[in-house]
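Worksheet for the structure shown next.
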Amino acid sequence: MTANTGKPARAIPGQPDMWVLVLFEALVFTAYFAVYLFHRSAHSELFLRSQARLDPRFGTLNTLLMLTSSLFMLRCVQASRAGAIRAAMTSALITGLLGTAFGVSKITEWIRLVHGGSGFTSNEFFEYYFFLTGIHFLHLLIGFVAIGVIACQLRRRERRSQEVVETCATYWHTVDLLWVLIFSLLTW
Amino acid sequence: MAGARADGELILFWTLPVLAAIWVSAFFLFPGFAHPMSPALTAAQVAGFYRDPAHLSLIRSSMILFNWFGVGLVPLLTLLVLQVKRMAHRTPILSYCLLGCAAGGPAVFLVADIFWLLAAFQPGRDPQLTLMFNDLAWMTFTTAVPFLIGQSLIIALAIYLDHPGRPVFRRWVAHFNLVIAAALVPAAFTGLALSGPMAWDGLLPFWLKNTAIAAWIAVMSVVLGRNIYRQRAA
Amino acid sequence: MNAQAKRRALIVWLILSAITLAYLPLDSWVDSQGTYRASSVVTTIAILLALVKARFIFREFMQVRNAPTLLGRLTDLWVLMIGAALLGSYFLGLGHVS
Amino acid sequence: MRSIAWHWRNNPKRELWLAWYATVVFYNIFFIVFFPVTHAQPPPHPGWSDAQVAYWFARSHGGLLAGFAIMFAIAGLTAPQNALIAYSMRRMSVSRAFAYSYLVMYSLSALPGMLLLCVVLSVGALRPGRDPAQLHWLYDFGFLSFTGTMGIFLIGSLVWMLAILLDKNRVMPKWFGYLNLCNALTEVVVAPAWIFRTGVLTWNGLISWWINIAVFGIYTGAFIMQLRNLILREDFGDGPLPSLAEATR
């Protein structure tokens, strides 16, 4: 467990093993993005016309929700490290609620698009759009499991493992990180 | 190891005669086995085979029986797994292997069954389609040897690695399983020949393979039965 | 110390949110052209802003700042690699316009 | 030769090593058969016309029949691999349910994972004169069953992941547990192969095949090495496994 007084030692937050997932998934997504960008610049007319059918307010709102959830996740970790269980629990709860809001907003956007005639199979751009946002959504769902694990740890109070809390937090920030990249590439 | 935990093993073992009866009757009911259908038949001949009113009910009933036989073999294979578990191994890994084969083998076999029944379900179909289903059935049936080869090799290995002083099965059973595994291998290569001894109605993929399976079931039943009785007496 | 960390996190969040909102004028700039013409400048800016955000998330939210230097170097390398791959494939694709 | 004989008689880990070598041999033969011999991988295009499919079958005729014949003969080698992975979970501090459910799932994995493709493409290659439309049906059946039925590999990876993350016996490193999650996610990415006939998400697509196969390759390499380490470290107890350095000293 990390010392919570004095100058903190330089330690990797959580299990170093989680960073294998973070860096690996970042690479896999980079590969997806590279394929997307290549085709986008080769067929820019179609992509830009389709992109214009996205409402940028959804993307912006989702990004703000995701960033804010990350902020509260960081607060949760800091509070747990300082032994403030109640504050940590509240932050974890807010993180989960913001994640839920993100999910709801995402689904709303999907439904709107599909009703507007832009589905998964409509054209090449929407193939990428639904694929990337869909696979990200899956990461978000796994993120809820991570929040659940944090909540279980916090309920154990003194017997909680700060390492597990931080590992799960790192995963949640990865979901944020991937979304920030998807947002920048799909909406613009 | 013995005692209450072995209850019911004898009943499972004695399902064997029923199973054998199903198997033998299915084998002789199917009009394309006693004189196996050649892969060189034309589409019209194959369609004629399924359209023959004398054949149709025989094909259907035999394949339904075969379906039962395939799955019925699983409890008996599981009894073999338990014998392997009794051997003096450090790990349960060989019994895990055998359990995997016991599940995989019948599953592959059932696929062949589906294609035969599909061909017979509407014999009035375009002869080309009937020919395709017939090909799928015979290819699946004939090449469905990977898990049979696997389980023979695993049983042989398990016996070789058993305690030499107090073996569960005697060593000749291992040698026998190696011979059976070798006899099943040619069937995997049947796709390479449409006629001759390597075609699916030929000497090696049909007669040798099916005789090997019959011999394996017969011999393994006898040694398995002897073991179960001996272990109950102990 | 805790209050200080909290304030730092809040500032980071404000910066990241501001960058997010900075994308909005980029969009209208594209649309004002009337036609859907690809603008390499917009895409490049969008990618660069995303990289800046990614590095902030790594260092501040994921607390790489307090982690051993190796992890810091590794994540920086990753940001560079992602950037190179994204810009590279984008400009490579421009050569294959169909 | 003498040393092999000695290990055969005396090595207490001989069963584990046999299973491990079976795994290595299987993947090597699998690679040779599927890539250079049959050209079933990288997969041909799903958007082809009947005539193009017929031409593909005609061109790879002999390779398909010979290559898949080898697979029919050796596919039983998957059993030791699955048994070894199940054994790794049995050695962990988790319920036996993990090992058994993995074993059950993977006992059937060879069928959608490989054998259906082998049978169906063999039938396609069997008669060169078959109607191209039927060849096309066989072609679709083969590749869709091979690529599109990833449930076993998805759930299997998740079961292994959960066991590794919960384990207190240090049987597998935690990072490998997380790598299982990465692999599971790529098994989801192949699902759109049922929908698209062109693009990057088809059964031979840039994303659902090329990127996925890279992940799968890394994952397979990692688990083969981790199983090797497990055997080296195995002490046949039921507590935490010693580290590799301690075990091989």
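Here the chain labels run A, B, C and D in written order, and each chain numbers its own residues starting at 1.
Note that in this section a contact is a pair of C-beta atoms (placed from the backbone, for glycine too) under 8 Å apart; a residue touches a chain by one contact, two chains touch by 3 or more.
Remember, predicted model here, so these are calculated numbers, not experimental data.
Farthest from chain D, judged by the mean position of CA atoms in each chain, is C. Here B-D and A-D are compared, and the pair linked by more C-beta contacts is B-D.
Spacing of chain C relative to chain D, judged by their CA centroids, is 37 angstrom.
Centre-to-centre separation between chain B and chain D, using Cα means, comes to 24 Å. For this pair, chain A with chain D, the centres built from the Cα atoms lie 30 Å apart.
Work out the mean CA point of chain A and of chain B, and you get 51 Å between them. Looking at chain B, no residue sits in touch with two or more other chains.
The set of chain A residues touching two or more other chains comprises 31, 35, 39.
Residue positions of chain C touching 2 or more other chains: none. Looking at the complex, you find that chain D touches chain A at residues 173-175, 177-179, 181-182, 185-186, 188-189, 192, 195-196, 199-201, 206-207, 211, 214-215.
Residues 12-16, 18-19, 65-66, 68-80, 82-84, 86-87, 90, 103-104, 106-108, 110-111, 115-116, 118-120, 122-123, 125-127, 130-131, 134, 138, 236 of chain D are the ones touching chain B in the complex.
On the side of chain A, the complex with chain D involves touching residues 15-18, 20-21, 24-25, 28, 31-32, 35, 39, 120-121, 124, 127-128, 131, 135, 138-139, 142. Of all residues in chain C, those touching chain A in their complex are 2, 5-6, 9-10, 12-13, 16-17, 20-21, 23-24, 26-27, 30-31, 36-38, 42-43, 46-47, 49-50, 53-54, 57-58, 60-63, 66-69, 71, 74-75, 78, 81-82, 85-86, 88-94, 96-98.
For chain A in complex with chain C, the touching residues are 8, 10-13, 19, 22-23, 26-27, 30-31, 33-35, 37-45, 48-49, 52, 56, 60, 63-64, 67-68, 70-71, 73-75, 77-78, 82, 170, 173-174, 176-177, 180-181, 183-185, 187-188.
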